[in-house]
Amino acid sequence: MDLSLEDRTEGDRTVVVVGGEIDVYTAPKLREKLIDLVSAGNYHLVVDMEAVEFLDSTGLGVLVGGLKRVRAHEGSLRLVCTQERILKIFRITGLTKVFPIHASVDEAVAASD
Amino acid sequence: MDLSLEDRTEGDRTVVVVGGEIDVYTAPKLREKLIDLVSAGNYHLVVDMEAVEFLDSTGLGVLVGGLKRVRAHEGSLRLVCTQERILKIFRITGLTKVFPIHASVDEAVAASD
Amino acid sequence: MATVELQLSPQPHHVRTARLVGVAAARRAGLPDELVDELRWALGEACSRAVALHAAHAPDVPVRVLVREDSTGLTVEVIDQGPQGPPSGDGDLEALFEGDEVDPRVSLAVLGGLVDDIDITATAGGTTVRLRWPLPPRSV
Amino acid sequence: MATVELQLSPQPHHVRTARLVGVAAARRAGLPDELVDELRWALGEACSRAVALHAAHAPDVPVRVLVREDSTGLTVEVIDQGPQGPPSGDGDLEALFEGDEVDPRVSLAVLGGLVDDIDITATAGGTTVRLRWPLPPRSV
């Protein structure tokens, strides 16, 4: 029900596994996590959204904010998502054109920038 | 979370096992069950409250109503309860003087009227 | 100051919604588990009483439930517009169980026994049951 | 007619309370699971938007959430007293993500995409988002 956040390194990518609900209440935690990772020099992020059960526009804003931060360092932010409802939200908001979206973490990690 | 009701016969007693929440929403189901049992000739009831997670005054009213019904047939209604919160409610309302309360179904079934 | 107000049409199932909201607020406020359970029980009893009174006497008027968290603690108010019965008294409670309907005074007696900090006051057109729990100091 | 009204002070955690109440009402009303989830999602989005607007512009005014069940279906209204932005439009949505704050229009776009039966109207001092779902016929 709450937000869970875990991260690990795969090659030169940092995979952030997000679970639970990203809403106006929990989004600040995700924002902080992304800021911390970028501050620590992780500029190539893969955000795994497969265990996300809720995502509102505040959450979208945090993801866009993360993207801007890695881009400032020539980095990348890729999403892993196959959930139809979430894909729909990215589509509605035009963000499918902004984020590379992958069907698995392996695919995202293997993708070249 | 909801109310569960099961009954079985032990000798000349009918044991009703109640679980979940007895509130203004579910109490009518318990009332109906007690009425059905009495209508079918079960005048010696043992109501096992050990799995009850909530009981409000509507529920108390239904138990008192059941007691009146079995008494009209020279019957009995015994309660099985060791939960402190529920015992407290019976004490506050003076109902410990009205219902025989037992620590186990065996004890209640063995009790003589 | 975090407040939630619920206005519930007097249907029995809404008593569960009120419990649900009360429990969520209490947990979030950091009330210890045992007291969360006490709150759930007392809020449920107070709402049962209010919903039953409204259903009988003011079916079109919502029952109001207020949950307020401030530095001094957690306050729950259940505000009804039902007839104001005589105070609970500690007379012959058994006599209050007449027919299948429970006298609302039983409810007030139960509440008084469950919660230490309780206020029952006559308010405009009805009764307000106010329940309070202190909150443990927080590190926020 | 079963109605619940919630009045929430504009704190982020109240958005969860609203989802909780909405989901409980939807389940009880017999909305199919898939639509319960749609309601949870849309109600959450609408409340996020309203709470953020109030927190910025009307911190002392509660956000109102209405859940009404009648023979025609389940209606959810989220009523805010925030500034009325221009309608969502389908222009350059990407430009709406400026800084870390999300333009409330993103929220309306998401809502429009999630729910078929949606009405967004300017009301006294703010905006009302009305969402509706038909209910399957019941045997009650």
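Chains: A, B, C and D, in written order; residue numbering restarts at 1 for each.
The criterion applied here is as follows: contacts are C-beta pairs under 8 Å (C-beta built on N, C-alpha and C of every residue); 3 or more make two chains touch, one makes a residue touch a chain.
Since the model is a prediction, treat every value here as computed from it, not as a measurement.
Number of steps on the shortest path from chain B to chain D, with steps defined by chain touch: 2.
Path length between chain B and chain C in the chain contact graph, taken as the least number of steps between touching chains: 1. Using mean Cα coordinates as chain centres, the one most removed from chain C is A.
Distance from the chain C centre to the chain D centre is 28 Å, each centre being the mean of its Cα atoms. Between chain A and chain C, the centres computed from C-alpha atoms are 44 Å apart. As a whole-number value, the distance joining the C-alpha centres of chain A and chain B reads 55 Å. Annotation: 25 Å between the Cα-based centres of chain A and chain D. Residue numbers of chain B whose C-beta contacts span two or more other chains: none are found.
The residues of chain C that reach two or more other chains are 13, 16, listed in rising order. Chain pairs that touch one another are A-D, B-C, C-D. By the touch rule above, chain D contacts chain A in their complex via residues 12-13, 15-16, 19, 37, 40-41, 44-45, 47-49, 51-52, 92-94, 97, 99-102, 106-107, 109-110, 112-114.
Note for the complex: chain A touches chain D at residues 21, 23-25, 31, 54, 56-58, 60-62, 64-65, 85, 88-89, 91-95, 97-98.
Taken together, the chain D residues at the contact with chain C in this complex read 1-9, 11, 13-14, 16-17, 20-21, 24-25, 28, 62.
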